[in-house]
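Next, two complexes with chain A in common: one pairs it with chain B, the other with chain C.
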Partner chain A sequence: MIVAAAVWTFGAVALLATVLMIFQRSPVKAALLMLAALLSTAGLYLALSAQLLAALQIILYAGAIMILFVVALTALPAAWRDRPAPASFRRVLGLAAAAVILGELLKAAGPLKALTVDAPFSETGALGLARQLFGPFVLQFELLSLVILASIVGAVALTSRRRGNV
Partner chain B sequence: MTATLLAHKDLLLFIGAAALKVLVFLNGVMGFTALLTLAERKVSALMQDRVGPNRASIFGLALNGLFHPVADGIKMLVKEDFVPGRADKLLFALAPFFALVPVMALFALIPFGDYVMVFGYRLDLVIAQVPLGVFLVLALSGLAIYGVFLGGWASGNNFTLLGALRGAAQMVSYEVVLGLTLVGLMMIYGTAGLQDLVRAQGKLLFGFVPAWGIVVQPLGFVLFLTAAIAENKRTPFDLVEGESEIIGYFMEYSSMRFAAFMFSEFVEIILVSMLSATLFFGGWQVPYLYDTGFVLPGGAALPLNHYLVAALQVASFSAKTVFFSWFLLVVRWTLPRFRFDQLMTLCWKRLLPLALFNILLTGAALLALGKL
Partner chain C sequence: MNKFHLAALAFALFATAAAGFLTCGGLVRMLMFLELMLNAANVAFVALGPAEPSRAYAALLLAVAAAEAGVGLALILALAQVFKTAEAANIKELKG
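== the complex of A and B ==
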């Protein structure tokens, strides 16, 4: 009963925050609403006893990625305007595209409802995840680190070139 | 009514016990925080050969400045709550909460004792016993960055924004090191739960050395303490808020909102102390003290009452916390401040490689000992 209440509450908050984020005109406030959505999703994971997923969601998304978003957004001219610009035609078009995607997602999510598997209860899932990552998927996992390394080298190369010009 | 209450007896007992633990533990932390604000000023006075605050008195009774925290609190409450005209009102009001709430929530994860038996029920002396405590500690401490950045951004002042940018860069960087220093501990003890970590530290190495974190991870402890002080934004890493010259992110704050930022820094001192004690100094463990009493390596034993054992363990944890708080205060008044590029170099070019090396070393040692 408590678990169900927590799932519904966190789900509702996540949904509300996401909708408000879409209609928020100030970039920084929109980012904070997205943070609220991310945190309530983490709460959702916690309620479903996926502790590792919840912790990683907060560490990676809320604690690292959203911080970078917020810092980058404050550098935008739009963030310094006292009154945000009104929505343009292009944004209305974007909203229509989003509605189409939402419809498709809902259609795809329909069959998922019938697909309820009684997974064996595990306290964290950390050990199972680690066994998968470093067992059958170890090659893919290590390849992924190469991709990240390449992106780091790319980022350093981009910034150092700009520094050379100055 | 009684029937439904009885049906949910376990749940009600759980909620009641949790509420009691929150009340006792958090009140203890808050009281200690208030005393710490006084201790900070007294330690600085000692270091600078002054007397320090000693004038606040009630009925002529000054007690060497013991009432100064109360006087400070009253002063903060009655000061004008100023909001700059250019500030973003909502975010300006929200930032102090972001600074204080994650730090306060973290205390729920810290075990302050083993357990006590009350009327036949086992009462664990930790508010939230979660199997992945270490990860949740890192997650919540990462959220405190928002308080710093939003405080500086919402003030609508360029100097506070610069302070906030410094703060965000510093905290994100040291967060990485902080996480990596704890990997070695988790590898050795094979658990990520804080209570389990403390229990594992009760074992003995070679029959007489307590298996505390500092014994098996000395490098990890040095790195952890450095990163934790940086995460806490205290000297030598306090260039987020150098009040007198480079100005900080909460320059525009006054009254209780300012107090929330200041208070959160002092609460973080206690948090860092408690985490150091829990992770590296055996938490509530007293060397050679077990459930039944003292058992020395030679074989001599001193049986003790269960409640006495529990009280000794809580006292041990409190003593360790007080010691590390004192240590952090002394560090602040001893070391000079870093320059910002030195701060970043220290993090990414020194501490981070050392933390990775520590993990490699731990793994190699575990492999050589056949513990993997």
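== the complex of A and C ==
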């Protein structure tokens, strides 16, 4: 019962923060709302008994990625962030497309109504996750290290060429 | 609470982020909504999948999101330097 209440509360906070982010004009306030959405998602993971993922979510998303976004926002000169009011037909079109996506997803998820959530809450440690990552998922895990290496090289190459031009 | 409710929650998060992505014009903000869409996919993994493999997938997806944010922000900074704007609507030429 309390787990269900936690799931709904954290889910509602994340949803509300995302909706408010759409209508927020100031980019820094939008970044703070995104932080709220990410932190409440961490709470959602806790309620779904994925404690390690909640910690990773706070460290990686709410820590590292958010800092990256705020630094990028401060690195961009304010004059380049001129926000012309988007054409209203484009806004309506975007909202309609999102509504269609939601409707189709919900329609496709219909058969899930028969499945009840089994274990209400359990304590899971890092060991189970490590057994998965170094067992069946070891190839994906190693490939991911190459992806991260490529992204580091790409980011350095893109930004250092920019500095060379100036 | 059945699995459909959890799926509906993850889908609502995804659709809201997609709506933000489609309606906003700023490049940094579009990347933020992209991250939130990935985050919603992660919620669906954790909520719906079998316990341990889905958590492993979610951990892998966290690393993918971090890599994507790094490259995406570097691309945006490089683009903004060339075009002197950070609005998607003002970038119209392919050859800068």
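Convention: the second predicted complex is superposed on the first by the 139 of 166 C-alpha atoms of A that agree within 3 Å, B and C clash if a C-alpha of one lies under 4 Å from a C-alpha of the other, contacts with A are read in each partner's own complex, and residues count from 1 in each chain.
As a working rule, a contact is a pair of C-beta atoms (placed from the backbone, for glycine too) under 8 Å apart; a residue touches a chain by one contact, two chains touch by 3 or more.
A quick note: this is a predicted structure, and the numbers were derived from the prediction, not measured.
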Margin query: Applying the document's definition of touch, where does A:52 land relative to chain B and chain C: first, second, both, or neither?
Written below: both
Margin query: After the superposition on A, what does A:63 contact: first (chain B), second (chain C), both or neither?
Written below: first
Notebook entry, point to check: Once the shared chain is lined up, is A:127 touching chain B (first), chain C (second), both, or neither of them?
Noted result: neither
Next item on the list: Look at A:101 in the shared chain and tell me whether it touches chain B only, chain C only, both, or neither; answer first, second, both or neither.
Entry: second
Next item on the list: Give one of first, second, both or neither to describe whether A:4 is in contact with chain B, with chain C, with both, or with none.
Entry: second
Notebook entry, point to check: Who does A:138 touch here: chain B (first), chain C (second), both, or neither?
Noted result: neither
Margin query: Taking the superposition on A as described, I'd like to know which of chain B and chain C A:74 touches: first, second, both or neither.
Written below: first
Note to self: Of the two partners chain B and chain C, which one touches more residues belonging to chain A?
What the structure shows: C
Next item on the list: Name the contact category of A:109: first (chain B only), second (chain C only), both, or neither.
Entry: second
Next item on the list: Indicate the residue numbers of chain A shared between its chain B interface and its chain C interface, in ascending order.
Entry: 52, 56, 64, 68, 124
Notebook entry, point to check: What part of chain C is in contact with chain A in the complex they form?
Noted result: 1-4, 6-9, 11-26, 28-29, 31-33, 35-36, 39, 42-43, 46-48, 51-53, 55-60, 62-71, 73-78, 80-81, 84-87, 89
Notebook entry, point to check: Which of the residues in chain A end up touching chain C in this complex?
Noted result: 4, 7-8, 11, 14-15, 18-19, 21-22, 27, 30-31, 34, 37-38, 41, 44-45, 48, 50, 52-53, 56-57, 60-61, 64-65, 68-69, 72-73, 75-76, 80-84, 86, 90-91, 93-95, 97-99, 101-102, 105-106, 109-110, 112-117, 124, 128-129, 131-133, 136-137, 140-141, 144, 147-148, 150-152, 154-156, 158-159, 161-162, 165-166
Margin query: Touching residues of chain A toward chain B in the complex: what are they?
Written below: 26, 28-29, 32, 35, 42, 51-52, 54-56, 58-59, 62-64, 67-68, 70-71, 74, 123-124, 126
Next item on the list: In the complex, go through chain B and note every residue touching chain A.
Entry: 88, 90-91, 94, 130-132, 135-136, 138-140, 142-143, 145-146, 149-150, 153, 161, 165, 168, 172, 175, 179, 192
